[in-house]
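Heads up, the next two complexes both have chain A, just with different partners, chain B and then chain C.
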Partner chain A sequence: MQKFFLLFFLTQLNSLVSAAELHIELHTQDNQAMPNAVIYLTPTKALSPSTPHSVAIMDQIDRQFSPHILVVQKDSQIRFPNSDSIKHHVYSFSPAKTFELQLYRGLDANPLLFSKTGIVELGCNIHDWMLGYVLVVDTPYFAKTNRQGQTQFDLVEGEYRLNIWHPRIKANSKNLEQIIVVNGDTSLHFQLDQALLPDVNQYEAVPADVNDYE
Partner chain B sequence: MALIFLSLLTLIVLVTVLFVWRATYNHSTEQLQSHVRTSASVVAEKISNTASVLRSNLIILAKDFSIKQLIATAADDKKSLYSAMENFQARSLADIFWVLDADYVPLVSSQDNSVMDENALSELRQSGLHWYQHGGQFYLLEAVALKFVESSVQNNAWLIMGIRADRLFDQKLVSLTDMQISVYHPDTATILTSTFAPQLATELGSHTIVIAPTLHELTLADENYIYGSSQLGRWGESPVYTLLATQETKAYLSTQSLIEQLVIILSVAGVLALISAIVMSRTITRPLEDLIAIARKISLGKYVQQFPQSNTKEVVTLTAAINDMQNGIIEREKEINHLAFFDELTGLPNRIQFHQHITRSIEQNIAAKLIVLTMDVDRFKEINDTISHEKGDHLLQMIAQRLKTYTGTKAFFARLGGDEFGIIIEALNEEGRKADPEAIAQAVVALFEQPFAVDGLNLDIDVSIGLAVYPEHAINEQGLLQCADIAMYSCKDQHYRYALYQPELNKHSVMRLSLMSELKGALVAGQLQLYYQPKLAIADNKITTAECLIRWIHPQHGFIAPDDFIPLAEQTGAIRHVTHWALNTACMQLKNWQSQNITLSLAVNISAMDLVDMQLPAYIAKLLSKYDLAADLLTLEVTESAVMGNPENALKALHTLRSMGVILSIDDFGTGFSSMAQLKKMPVHELKIDKAFVLDLANNKDDQIMVKTLVSLAQNLSLQTVAEGVEDLATLEFLQSINCTKAQGYYLSKALPAAQFETWYHNFHRVEA
Partner chain C sequence: MKKVLALFAASFAFTSGLQAAEINVLVQANYVNADQQASWYAGDTGILAYSHSGANIQQAVLDVSDSFSSGLSYEVVANYYPLGEQNIGLSQALLSYKPLSQDTVRWRARAGLFYPAMSLENTAQGWLSPYSYTQSAINSWLGEELRIAGLEMTLFSPGRVRNSAFSWELHGGLFKGNDPMGAMLTWRGFAMHDRQSLYNEQIPMAAYPSVTGAYRLNHPAYVEPFHEFDGRLGFYVGAHLEYYKQSSVRYYYYDNQADPNQLNAQRIYGWRTRFHSLAMQHQFSANTRAVAQWMSGDTVMGKRYVAADFDAWYILLSHTLGPHRLSARFDKFEVTEDDVFPWDWNDSHGEALTLAWRYDFNAQWQFGLEQHFNRNYAASRLSLKQDPQIEQQQSMAVLQYRWSY
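== the complex of A and B ==
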């Protein structure tokens, strides 16, 4: 993972003339830090196509998807290993990727290619409580907010379409998609205008200092 | 009595029935309410269970991976989804289904052209039961969200399934609740479904249905129903109610049968009570009524022999008490009767009974002859005074005994009071009719021939008896007694032992009685006058004296002779007033004549009673002094019998008068039975020879001898003589020849009023002179 990000980072540095640091802070409607929200930035100008190389992992640990939310760039491969001692039957009826991995164990399942952008909702046919998301985005610039609802990007200055997503953020909330211009180091602060959807299985109750993406 | 009892009983029955009916009605109503509540719960439970089962099935279905797959691929293959849903609908015993996608667009449905909008769905998603109308049918719907991933926050599809309402409310539920169940939507006044027969259900829909916690009534096909309501889910946003109805007759069946039984029981009790009342009435009330009737009879004086028989102790006691009371009354009545109708002294019936006996005898024997005697003991007062009242009473008792010894025709004796007795002879038979009243009177008189021995004294008793005969003399008791009394008094006057009533007696006596009552008034009114008859002093041929004679000129009867009222006035005592009046008038006249130089003395008649009354001398003295007259101008003429009645007092009075200088004369001399000894004692100045000897003196030798003897006797006793009834000259000459002092009579003049007398007087003296 670190390797992937490091590589990615270096690539950006190399390709851009001037880089800027974008700092984003996200708060909920009731002014709490909003962790684990996916923020992704899509340059408005076409980018040189870049294909992800590595295979993303959506593990199943203790009868839960891990991570709960996985963000990948379009055309990424995702492997669904099974770290539990029991079988799982992972599936998705989401239009972005409909698939079914019938009862398997360990690394029996082959990685799957996610070639459409969108949200892929993952479930296990034999464990109703299991829920996971794969967000397929058409940009390399994406991150999840930490416990303080913060995240930061090193970007080439320019215009971006900024998207905020989280399964608990209502789709009709304002400013989930907006155009920003990054010119020099920038700090942006967003506050949600609507309450979050209920936290069904407390997927967010992750340890305080763990950041899946770091 | 029985009627009151019956009404009271009816009232009690009615009140009881009313109260019981109300209580049981209320109880039944409560039970019915409770039944409705329970039934509503049962119905709600059953429907909820059905809905719940359907929902559970839907939830399971929503989690079915195959269904999820079919829905996810529905865009390409609706038929498979429809088929699967059909299969599941059959499994769930449902009648209708929809599958909607996340945007509520129907994917598949059992119904063609079915539209299930978002609002309807959002209603369905709320808890509770939901009713839905589709294609003219009502359904109980359940909707469940389907999520491709169960734990997702997002719904991916909707599964909706419904059961036809009429299938839910079947006869099983009716028999379970014992009620007819209908589902009603008040907002649209729609009957969603009903267990009633279709036409009744339709009729029910046309009624105004009251949704309230209490029970209500309505009529379906002429039958009364009681119904209650209870909410059961909703249709859209408005509530739907179950109506639980039962026939009123069925609901209150127990009440009615209870009331019927109660009425029967009370009726029987009433009849029994009535019977006992009648029995009671027979044993107590009726005898009591009989006793009341008896008591009334007793109060009217009718005595009762027959008392009602009864076995009731109280009645028997009361009967005995009333019997005792009646006996007591009879006893006392007898005593009172005796006291009232018998004379205590003699034991003879009294006057009251005597009267009644006459009345009864007349009433009972209207054709019979009845002789009534009243009997008076002569001089009883004197006897009583002489021998004491005690002995007088004894004598009366003995007289009563003596009367009882009468053996003639059947007689009834009574003491009428004092010395008066009454006898009734009932001449009933033919023999009796012939009975001679005088013979009977003689027989009674004969009873008194023997003297009575009272305490060693032998008393000769004379009686006066008056007789009256029914129906000859009077036809009633009062008349008979009056007649007998009149007869009795007449015989007393005439000194007969008995007298039979004669109508003349009555006439006379009635007038006499009436005159007596008028006499006093007549004195005051000046109806009485003094007439003056001259007395000739024969030797001098001069009028020296006149006799005052009383004349009563009655305004109705005209002239009334002194003989008609003086004796009566003597009997009644009125004579005193008459005498006083006469004396006063005479003195006034004397004074008057003195002033006219008419020198006369006047003679006034004095009765026996006046002599006995010792006031007479004092009265005369008063008069003499009042008119300033010499005493010898007044002559008092006294009859022999007047002196004989009470010689002691009479003589005393006469002596007093003589000492006063008043001239005293013995009137009617020769008719009495005065003894010579008596005459010698009399302090009189003259004898007045009765006219009986004088009237025929001129012709009758015997009278001549008698008068000559009397005059000679008087001369020997130094008494002057007056002859009255001188009616001719021969008589006067004879009287002159034998030296009679004075003459009085029609030959000289009849009695004249004062004025005429004066004329006559002057005339006489002028002629003589």
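== the complex of A and C ==
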């Protein structure tokens, strides 16, 4: 029994000692804060497998996907409700998850399982301007940068593979994937080496009085 | 017993099919303070549809639609109008096909009875206007005399898939029918209303002596705009360009290719009608927009027995303030005759101002008020010993109920 307590104490101590905060700041090539970019950290040593239990939500509100970018851990379930009073026809051709869903108004479709990592690009066959992303990652450590281009993680010290993703970041930009070592509280700053792809975010601002028959 | 079971199974399949269908019902009840000049529905020459003050069902629309994962969908729009010769019928019935695609240039198609998407005013369900009750001269006429019974193919490229602010669409349509289109426009002139013609409907008009006289054109005092007389295909082409969802431009060219020398036993003629339509919309802010449309064309019947050029435009401003929508539209329209018979007077022109306020109580109920003024001239009134130049006014209060299943 004593042995067990000792072990328990040591484990707790160990985890207390090795916990660290990681601050990340991301800037564009022209030194602007880069908001809404996905940062995810995969431990280079294998994690004990964890299956996500909660069901994530990708909603359709005012003829837009909400959120625009949803990050989930592999093997997550995602529910696609329809908060609009009209019908949507959601689809994806992405290899990570190919599907189509007829979202009748007021009807709730069953959640879908996302069991492959990768980028899933969502469209609506009725509203061609609708575009959304699901990024499926093989780690529980993921976040999106805030307006200041910042985010933070509470992590166990160690070595991680850090990835940065956003639809406007060119895939051939440097340093989108790199190995970092977290040893005590750490602050990292990254700057993109290439200009962003064109900003077409105005598609997210469909005026409230645009009619569905236009 | 087997038959009964089969019938039961079939009816179950039908109802479960309908369960997935979307059913939209819209009813507008109004009180109209009508102008004293009676309308073509009363065999007279006014250009507003109502001839008497009173309460009416203005619109009663049943819209049934469904879509399938294959990209196939259908829509049927049935209307009830107390006004007019035929009270119940279809205004649209079409099948659409829009396959799922990840290409930057995609295609889709429509077949059946429908409107080309040339109006940026008639964007509410059932081809109604979300702005005013009395529609622009251009779209009142299109709702009255134009309907495509045919096939439309569209190539389109949504800007978002190309990371571009611009989206475009190219439309091409082929159709049968619609040969007598242009008759109402020429003889009565442009009018302003929201009474869409039902398929194969007869539209009455005043008995102009030059039209109905036995030794004149000997044409009935009505028009049936959807006939096919000559077996020729009509066509239209259209192009849309859109900047985000903020600005859009739509150009169409329509030609019914009717043989103007064909006529049926009722002595209804084919009218060769061609026109250009250019529609624009700009969103100044999330709540304020301008919509405009310009149209120019010509029509000819017989060996230039009746021929006319027509031009019209409108500009509409609309502003939403929470549940309120305020709209104002100015219309100008003109028909100029250019034919061989000096005794058939078809020049007409006019201008109009329409002001509307619509208030949404909730998703089901809406209330609105509209005031309309026009000043218009029709030379054909002289043949009925009327003053060719008149001014008309119409006030309207409308309660609208929408129900969706």
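To be clear about the criterion, the second predicted complex is superposed on the first by the 180 of 214 C-alpha atoms of A that agree within 3 Å, B and C clash if a C-alpha of one lies under 4 Å from a C-alpha of the other, contacts with A are read in each partner's own complex, and residues count from 1 in each chain.
Here is the rule we go by: contacts are C-beta pairs under 8 Å (C-beta built on N, C-alpha and C of every residue); 3 or more make two chains touch, one makes a residue touch a chain.
Quantities reported herein were computed from a predicted structural model and do not represent experimental measurements.
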Touch test for A:Ser85: chain B only (first), chain C only (second), both, or neither? second
On chain A, which partner touches more residues: chain B or chain C? C
For A:Phe99, select first, second, both or neither according to whether it touches chain B, chain C, the two together, or no partner. neither
Using the superposition on chain A described above, determine whether A:Leu122 touches chain B (first), chain C (second), both, or neither. first
When the two structures are overlaid on chain A, which partner does A:Pro198 contact: first (chain B), second (chain C), both, or neither? both
Chain A positions within both the chain B interface and the chain C interface are 91, 93, 123, 125, 128-131, 197-198, 200
Chain B residues within the chain A interface of the complex: 63, 65, 68-69, 71-72, 148-154, 156
Going by the contact rule at the top, pick out the chain A residues touching chain C in the complex. 85, 87, 89, 91, 93, 100, 102, 104-105, 123, 125-126, 128-131, 197-198, 200, 202-203, 205-211, 213-214
In the complex of these two chains, what residues of chain C are touching chain A? 20, 22, 67-69, 71, 98, 100, 102, 120, 123-125, 130, 156, 158-161, 163-165, 167, 244-246, 248, 281, 283, 285-287, 289, 318, 320, 325, 363, 404
Residues of chain A touching chain B in the complex: 91-94, 98, 121-123, 125, 128-131, 167-168, 197-198, 200-201
